[in-house]
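Here is the structure we will look at, set down as C-alpha cells.
Naming follows writing order (A, B, C and D), and every chain is counted from residue 1.
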C-alpha cells in the first residue's frame, strides 16, 4: 500500500493488521466457520439504495438523536467487544473517552479487560453488556456494580449460549496446547514488537476486569474458551427476562435477536430495546445478514421497543440505511476495535467524526433534515 | 502493460494515471465514500442489451442531432469538470478546441481553471455550468460574463449543496495540513516530473479563471473545499429557478436530477432541459446509477423538457443505449478528462472520433438510420 | 500460506495438494469437463440460510441419528472413494478406523485398494459400494464376500454406466502413452518424495483389493479406465434391481439419483434408501447441484425410502442444511480423502470431530434439540 | 502453467497465445468494443442445466446427424473464419482435412487464405461462406467457382454490412501507419520466430485465395479493412435473397440472425437454414448471447428451416445444450482456429474427437440415445 492516511473503517482495519499479532487481528476480524454471514453482513447494506433529492433547503440540519433514553450526537453506539483492552493499552478506557467526546454511548462487555470502574472514571457512565452465567450470584454482583458506577442501560446478549466456532483461532493455534501451536503463537507475537511492548508489557494487567474473581487471565485463549463453555448458561429461556427485570431498574436491550418471532417475544417480555444482531457473524455461520432481517423485525415490533441493529455497518451511509429501514440507531463492533488498535483514542475519535460528516451528507443529499425524517421514503426501491 | 496504442476511455485512464500526480488522478477517478455508485454508473449500462437486425439498407446513415437547440455531429456533450485545467496545460482550452472540431458542445465549469474568455477565444461559444453561491451578486456577474462571451446554454448544477466526501482525498493528504500529509503530496508530485514541468510550471496561472476575485488559488485543495463549503448555498430551493430565469435569456438545463419527482418539479419550473446525473457518483454514495433512473424520469418528463444523462458512459454503444432509453443525448466527464490528461487536445479528438464511429456502427447493426430512430424497440428486453 | 494448523476441509485440501503427486491430487479434486457442477455442488449449499433462535433451553442436546438402520453419532457417512488407498498407506483401513472411532459409517468402494477383509479386520463391518459389472458372476462373488465380512448395507451406484471425462487426467498425461505424457507423470511423482516412499513403496500392494482377479493393478490409470469402459455395464435398467434384491439380504441404497422421476422409480423398485448424488460432479458436467434437486426428490419419495445426499458438503453447517431440506443424512467424499492424504487416520478423526461440534453448534443456535427437530422451519426463507 | 497436455478449447487457446504474434492472437480472440457479448456468448451456455437420468439402457448409442442435407458424425460444423490460413501453414487446408476425417463439415470463408481449389483438393467438398460485395459480378464468379469445386451448401453471412470495431486491433497498431504502430507490430512479430518461419515465410502466398483479383494481400490489415469498408455492400436487403437463390442451386443458410423477427423473414425468404449468430461477438457489442436468443428463434422458425447456432460453444456438453434448446446443430469458430494455431491438423482432429466423446457422454448420462432424442425434456428447468 502506498503511503496514505486512513479514511475508512477498512483503512483502519489494514493498519490494525499491521500492528496486531495475527491471532489477535484474526480474533476480531474473523467469524464463525466459513464466515459467510460476516461477509453478508457487510455486503447486504450495499444493496440498499438511497434517493438523491435536490433543491431542498438543507441549511443547518442536525444528526442528533436519542437512544434508549440517552441523548446522542448521532444515532450510533459502540457495541460491546470482548478483550478490546488488548487492542491498545487499556483499550476500553481509550475508546470510551473517544465515544464520550463524540457524544455517543460506549458499551462495556462482560468480558472486557478494563473494569467498569476504570472505564467510568475515564469517560463517565457507559452501557453495560451482560452474558448470563450459570452462577446467578455473580450476575447479581455484576449488575450491582454496574448500577453503582452510574450505568443505566443494560445490554443483555442472548446469542451466545455457547461460544461459536472460529476456524481462524484453530489455525492460529489458539485451541491447542501442542508444541507446534505454541510455536505459531510465539512467532506471531514476536513479529509485532511495538504491540508487545506497548500493550502486552505496559498495558497490564490483562485479567477480565469485571470477572477477576471468576476467570484467571485473558491472555490464555484456551482457558478462556473453556471457562465460557462451562460458565455461560445455555439453559436460559424467555422466563429469565422476568428475573433480570427484577434485578435491574434501568433500560434493558436484548442483543442478538434475528428472527421476527423472537422479536415479538422480546416485546412481550417487556424489554425497552432489541438489538438486531447475529453477533457480527461470529456465532452461527449461514444465518441471514442483519439488514436482511431488519425490516420484518421492525414490522413485528411495531413500536413496542426501540430497534437497534448491528453487523457490517461500515460507514455513515450505512447508519443512514439502518434508519431508513426502520431502526432507531446502529451499533458498530469491528470498526471501533480496529480504529483503536491502529491509532488508539485518536483513531476512534477520527472515525466517529468522519462517520458523522458522512451521515450529515447523506441527510443533506436526500433532503432529510433530522434522523426522524430518515424513513423508507428516502430509499430508492424498484416499484412492484 | 505491453506497448500499445490507446483505444478506449479506459486506455486513456491508464495513461492518465501514469502521467498525473496521484492525488490529481484520484480526484478525477474517485467518488463519494465507498464508490459504489461510481461503479454502478459504469456497470449498469452494460446490462442494457441491443437488438441486432440484418438486411436493412444502412448505406449513408447519419449521427447528427440537436441538443438544447444546438446542432451537433452526434448526441454527445462534454460535461463540466472542475479543475480540468490541471489535467494538461491550459486544459479547458485544449478540450474545448477538440470538442469544437468534433462538432459537440463543451461545458465550462464554474470552477474551471481557464476563464471563459480564454476558452471562447480558443474554441468559440461553449455551454456554461453554474453553482449557486451565497453571494447572488457574484452569480449575476458570472452569468453576465457568460452571456457576453456568446454562451447561450446554462447548465445549473443542483446536486452539490455541499461538497461530497471523497476518501481518496483524505488518503492522499489533501484534507490535512500535517507534516505527514504534506510529505505524501510532495512525494506524489515529485514522481511526476513531466506533469510538473508542463502543467504546474508552464501552465500557470492556476487560479479559478471565473472566480479570480473570489477564491485564492486552485492548487490548495484544502482551501478550495473550505471555500466551497462556505460559499456554495445549501438553502436553494425550487423557488430560486424563477430568479435564475429572470437573469438568463438562454436555455437552462438542470443538472443533478435523479428522481422522477424532482424531474416533474423541474418541468413545472420551466427549464428547457434536465441532466439526469448523480455527479458521477461523487456526491452521495449509494444512490442508484443514472441508467437505472433514466426510464422513469423520461416517463415523468413526458416531453416537457429535453432529458440528457451522464454518469458511467464509456463508449459510443453507451450513448446509443442512453438514447434507446429515451434520453436525447449524453454527457461525459471522466472520459474526456482522462484523454486530455493523457494526450491533450489530440487525445480528446481521438476519443470523440472513435465514439462517433462506434455509435454509427451500433446504428448500422441495429438498423437505426438516425438518432431519432434509436428508441426502445432497438433494445432486447426479455418478454414479461 | 503462513504456518497454520488445519481447521476445515479446505485446509486439508491444501495440505493434500502439497503432499500428493499432482495427478493424484487432481484425480480427487477434479470433476467432469469444465467442473461447473463440482463448483455448484459446493456453492449452492451456501445459499441455504439458517434461522437463528434465542432463549431456547439448549442444555444437553444431542446429534445422534440412525442411517439405513445403523446407529450413528451424527447423521453423516463416508462416501465410497475409489483408489482412496493411494491417499495414504493402506488408506481405506486408516479412514475406516477413524470413522468407527467417530461413530459414523464408512463405505468401501468396489474399486478400493484395501480388500474388504483388510478393512473390516481393522475397523469392523462397513458399508459396501457396488458397480454393476458385465460379468454377473463376479458381482455375485463380490456380494457374497461383503456379506460374509459382516457388511449389511449395500450402496449400489448407478450414475457411472461409463466413466466420466476428466480433463485434468488428460492434462496430466494419464490418458496417453506418449513419451511426453510419461515425462509429465514422472516429474509429478519425483516432486513428492515423501509420498513416494511412504505410500508408493511401503504401502504396497496397489491392486484393487476386491478385484484382484479382474484388474491388473491400480497404478496404471489408462489400463484402469479401459477396464472400466469394457467391464462396467451400461445396459443396466430398473429391472436389474429385482435381480440385486434377490442376491442381497441387507439394505440397499441407490446412489446417483438426481431426478425426482428416478427417485419415484427407486421407491417403486423397493430400495431402502437413495443417495441424491451427481458423483461429486465427476460424471456429467452441467447437471444441477445436489442441493438444488434435494427438495423435489424428498417430496417425490414422500417417506418411501431414506433420502441421503452427497456432493459439496464441506462443514457441519452443510450437514445441518441437508437435514433441514429433508435429507436423513449426508455423505462426504473429497473432505475425508483430503484429510486422509494430509494426515492419515488422525486427519480424518480430527475432521469428523470438528464437524460434529459444528453441527451441534448449529443445532444449539437454531434451537433444534435433536436431528429429528432439524426441519424446514429451521431455515430462513424469503416469504412468497 | 506447469507442463501439461491440452484437453479443452481453452487449453488450445493458451497454446495459441504462446505461438502466434499478439496481433494475430488478438484478432481471433477479441471481439467488438468492450467484448461483453464475447463473454456472454461463452458464459450463458453454462446456465443451461442438464438432467442426469439413471438406469436407462445406453449401450451402443450414436451421435450421427444430418446438417443441411449432409450426413455428419455429430451435429457440429466448423464455422467460417477469415484469415484462418495465417494460423498455421496453409491453415484452411489442414483444418478441412481434420474436419473431413472427423466427419463434420468445414466452411471456407470468403476471406480465407487458401483458395477453394486448394481446400477441396485436400479435403473434398466443403461449405462456402459468402459476403455480399458491391460488385455482383465478382459474387457471381465466386458462386460459380464454389459450385464447380463441388460445394453444395452456401452460408450467406448478413451481420457484417460494415466491419466491426475491435479495440485490440487499434491497440496493436493495426489501424495506424505511424512509426509507433509499425514498431509495435514488428516487436510482436519478432517475438514469435517459430510462427514467422513456419507460417509467414514458408506458408506463402498470403493473398485472399478466393479474391486474388480483388484484394492485394492479406498481411496488411489496414488495407484489408479499407477494402472491406468500400467493397462490402451495406445496402443489401431481404429482396437480395431472391437474387441469390437464382444464382445458387444448393442449400442456402443465412448466418447472423439474432432476432425472431428476422428469423421469420428468413423463412419467408425461403432459405433452407439459418445460423443464429452474432458473429462471435465481433460486430455489435452489447447484443444478447446467441443462447439467450435461440429458444425464441426456434419457436419463430417453427420447423420452416434448419436452425443452427454458433457463438461461445466450447465443449461437447455445449453442443448438447444447443440441441436441447431446439437447434439442429452447432458451429464453432475460435475453438478450431486456436487448435489449428496450436497444433495444426492434429490439434483440430484431437479437439473434434474429444468433443464427440463429450457429447456421447452427455447423451449417455441423460439417457438420450440419438441427437433426435436431445430435446427440452433433457434440461433441468426450475418449475414455474
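Assorted remarks:
Basically, a residue touches a chain if its C-beta (ideal position, glycine included) is under 8 Å from a C-beta of that chain, and two chains touch if they have at least 3 such contacts.
Predicted model, so just to flag it, every value in this text is computed and none were measured.
Number of steps on the shortest path from chain B to chain C, with steps defined by chain touch: 2. Chain A and chain C carry the same sequence, and matching their CA atoms takes a turn of 90 degrees, rounded to a multiple of 5. As for how the two copies chain A and chain B face one another, under half of their interface residue numbers coincide. Chain centres here are Cα averages; for chain B and chain D they lie 41 Å apart. Spacing of chain A relative to chain D, judged by their CA centroids, is 59 angstrom.
Residues of chain C in contact with at least two other chains: none.
In this structure, the chains touch in the following pairs: A-B, A-C, B-D, C-D. Here chain C touches chain A in the complex through residues 2-8, 11, 46, 48-59, 314-317, 320-321, 354, 357-358, 361-362, 364-366, 380, going by the rule given at the top. Residues of chain A that touch chain C in their complex: 22, 32-34, 36, 158-159, 161-162, 164-165, 167-168, 170-173, 176, 180-181, 183-184, 187, 234-238, 240-241, 254, 256-259, 261-262, 265, 278, 283-288, 293.
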